[in-house]
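Sharing a structure, written as structure tokens. Questions coming.
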């Protein structure tokens, strides 16, 4: 039993977890369950990230997605008090079948590419926060970073403006 | 490079300390105006001031490269303080204190500027005699691929002169404003703007590369907008502000494009490198619109906007809506000369392109003439000065255009003195007349405003070229260098001479209408007239002295040799224009005439100036009734001048309402009479209708059948097809997001499918 | 850690992405649809990470960083939009939002 | 030894986990007693003093009582989530402890053993991640019980944790900048030596922000709005009874202990004594942690509760700006020192 095997096992465990939770999320009619399922997916994904040797992104994944975004989702769900989806009588069935068919086609297409592809494995891989930060702040990405800060600000204002009750009524 | 970035952060850190408190100290220094003093024990304040100022001085001494930054940042600091705490200060009843704080910052920068210039002069001169330092803030401002802009200033012979002018005149005008604005409730805001303007102007002149210069450029534009519209409740003021802003934008487009092209051309925007790269290029021939010419002309467009040259001169006269000190500082002394500064700064570049030089000279001359002629008849005292400014700026560009950069900058400096003096004087007059600006309601103020009168007189003499004051020397210099280039030089010289005469005339017209004769104002104006407070008179006196002495700095060589007065100014600034002057001989290939001619020209300019003065005296002192008669006899010309050549109206018609209405009418007329012309009966001719008539009578009948069955048939068929297909397609656009998403997915799959063919 | 593992990670990301895509079509609740989109984004992140691991190139990590940022902004605005829509139409059924048609 | 190195590693880690787990459990039960006792003294009461000497066995009694109580699951509740919530809460609470170091390295039979379950390179970020997951337990509990008090309690607490996590994180940023690492161990070691190297002194503003934010983060007075008895019965765990209630309580206390441990590590120099001469030892760390715990209890005995709007206002308009400002200052100082 070696470290690599250990990691591999963990990888498959978390991968399966993510996959299963994702399926649950899509299959589930109750949006709140879907939300929790998605959270499980995200957390196990972050574990996968960690196993793929990028602890920084793994942490960020949980902080941003699980910690912020999904809480927002849950808030909205509770605020709007969303009920379970009622099954629509008949109509839309064809559409969904077509959609699933195309989804399968997607899997087929990209899967064929991926299966055929033989990814390499670089040695001496170091994705520590320090390295990522260097790349982020010492290259052209700095401007993108600043731009994203502006984006965040804009979305902040936009979200407030949108969700604010209009005072008139 | 003298500056080393290694100790920059440290010193950049401590330059704040002295700056932060020196103004407060100054506040206490002058700070006992009748209105209010500083709260708290003055002794404590004074002591802290002394200590901190000493500490700051020591630090600046030990890190001399931070001094220019201190010069820059002091006014900014003043602005910040006033902008953040201004209202609080005012509500504390310390408004006057705030004003003095503003003055303090600028005065301190002035002191530092003097120190800097002194230091620059200590540097070992380069082979050209150029002494410069490039203080470096220690970081790169923009680093985008090859486009790198350092955060560095440039202090050399030229910019140090400019800094002296800006801070010197600026501080005087600050002090003046304390008196002038003392009754204004918003004066704190006013002073914060004034400080901000000073900061940007200093950035403009000190900026070590075009982008920094551009920041200052835009900044002063902004401040000018803010200050013109300072009394924004008055619609005319607000409109004038907007006008200035917009017109300047037109110029700025040129400046930006020019910068971009310049970067493509030289691969750098650093001023020093620009000049050194420029010298390596070969000059273009006349009327060859190569890259250099294009760059120069684009930059010159920017200069036109900022320095109010034809065709962008229209904003400057309206800018007089702002407070008079603002007109003095921004629209006479500093900002409007930015264009001249830039052209002179890039003289090496311009001198490579005869085309650009010619354009500059021609535009300058034209503007000079235009401004002078309009100024002849204006009756609003500030309008006269405004147009005089326009024409003097034209003079400066004329100088640059004929390659006399040093003379142009010299004119710039002296003009800053006496034009600021004149504006402040007029401000004092207006102040005394309680807001009256029309000279027809003035007169006989000589006794009432003794100091204003004396100083104004000095200003008038200085601007009308009377030796040995400034005006005479630079006019002689510029005209001579215009004449000696040969070619079109003499014509320019003639124009310049005429302008000189007109200048002398309208200045003394202003003088006489204002100060001599009898008082023509209303009664309560009469007994209300009073000499301005000390704070306003003092700057006038200082500026007057400056106007008298400044001229002696730049005595033309020919006179200097006789009188043994060296041309200090030219010798000091010469190195900056070395590169330009080297290139000039290829541009102006005329053998310089003999010195006797120069003497003659000088004599001519003196005599014609004297003539102008005498004429003004005759018309407005001896026979005040004559001008009216002249005006009526030459009514059309008079109206033309009085209405400023209708330029505003033309712009209004062409650009504002133009294409909507004026153009529309024309087009309509053309359309109706030329295109449509002649419909067989009424208007015979070969317009559309003529042809139409022919067609209607002959061709149409035949084609009708074809038309109805074949053409319409096809059209209807197509229509039918689309009509039916629409029923199919509209179901695609059913507003259901998911359906759209599906179609999106399908397309993506299609694309992936194609792409994967290549991968596999 | 072996190349096959990387490959499986990529396949996992593909599977997640496909699930997200299908989910967008299956679910009629706007919020769930939105969550499916988030899932797709995550699949993309996974692919980025896997590739960056494969080729020892950190740019993938940086891109994930930006995806996270954008996702956060998007979630904020999107949920705000959903709330305001719900306020007007009082439902979260995507089929109800069909004003954008001929 | 017949174990392969990997197995040894795993065994040691398991051992560490067990030890820490036991220590936490006992500390938790101890805390319930100590808190009641101390509060009682602060209010001139006696507090629990019947069971055992000085009532030391009180926690045991409580445990037994809770254990034998009836489990009640409300009819309208969402069973799955209702059951899952306490578990989630406790799990996240325990997960956070994994990266908290409690001493340097000790050597047993020449084998270096790190006094820490796992020394993550992104320890601080991990802490955030886990603490942000902690919200879900509460939200779930509040929502699943299908009761308006619990729902409001859950929403409140999640909103509160949200807002104060921000301040908490910002207060850590400066430490990270100064230590130049996300590794908690590095941050602790950056405070070795004299006492004024402690971040609590060197970075007083950050410390102040941390104290407030941490108090809010663990829902202690004056920020215990989620279970504001006077308004919300018992907040999100109104409907819980018996062991699930005990679990929620445990989660709260474990969170508090974690917060104290983190505070002791990041701000009070962890296992360093504060004088260059004195050898560093886990004892100092434990002492500091206990001091923090006492501080929390003290607060509860002293300070009245905030109003909800005040809480939000304070979090967003005071705490966050202060932290930001301090970040700017600290960054400037760091840069200046580097130059």
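Note that the chains take the letters A, B, C and D in the order they are written out, and that residue 1 is the start of every chain.
The rule we apply is simple: contacts are C-beta pairs under 8 Å (C-beta built on N, C-alpha and C of every residue); 3 or more make two chains touch, one makes a residue touch a chain.
Values in this document were obtained by computation on a predicted structure and should not be read as measured data.
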Which of A-B and A-D has more C-beta pairs touching across its chains: A-D
What chain is most central when centres are computed from CA atoms? B
Report, in whole Å, the distance between the mean C-alpha point of subunit A and the mean C-alpha point of subunit B. 56
So what's the Cα centroid distance for subunit A and subunit D, whole Å? 28
When centres are defined as mean Cα positions, the distance from subunit C to subunit D in whole Å is 33
Where the centres are mean C-alpha positions, what is the separation of subunit B from subunit D, in Å? 64
Where does subunit A touch two or more other chains at once, residue-wise? 56, 60, 68, 95, 99, 106, 110, 117
Sequence positions of subunit C contacting 2 or more other chains: 21, 25, 95
Mark out which residues of subunit B touch at least two other chains, giving numbers and ranges. 738, 742, 745
Note which residues of subunit C are touching subunit A in the complex, please. 1-3, 5-12, 14-23, 25-29, 31-32, 34-36, 38-39, 42, 45-46, 49-59, 61-62, 64-66, 68-77, 79-84, 86-87, 92, 95
Listed in rising order, subunit C residues that touch subunit B in their complex are 21, 24-25, 33, 94-95, 97-102
Subunit C partner contacts - residues on subunit B that touch it in the complex: 730, 733-738, 741-742, 745
In the complex, subunit A touches subunit B at residues 95, 98-99, 102, 105-106, 109-110, 112-113, 116-117, 140, 143
Would you tell me which residues of subunit A are touching subunit C in their complex? 4, 7-8, 11-12, 15, 18-19, 22-23, 25-26, 31, 34-35, 38, 41-42, 45, 48-49, 51-54, 56-57, 60-61, 64-65, 68-69, 72-73, 76-77, 79-80, 82, 85, 88, 92, 95-96, 99-100, 103-104, 106-107, 110-111, 114-115, 117-125, 127, 131-132, 135-136, 141, 144, 148, 151-152, 154-156, 158-163, 165
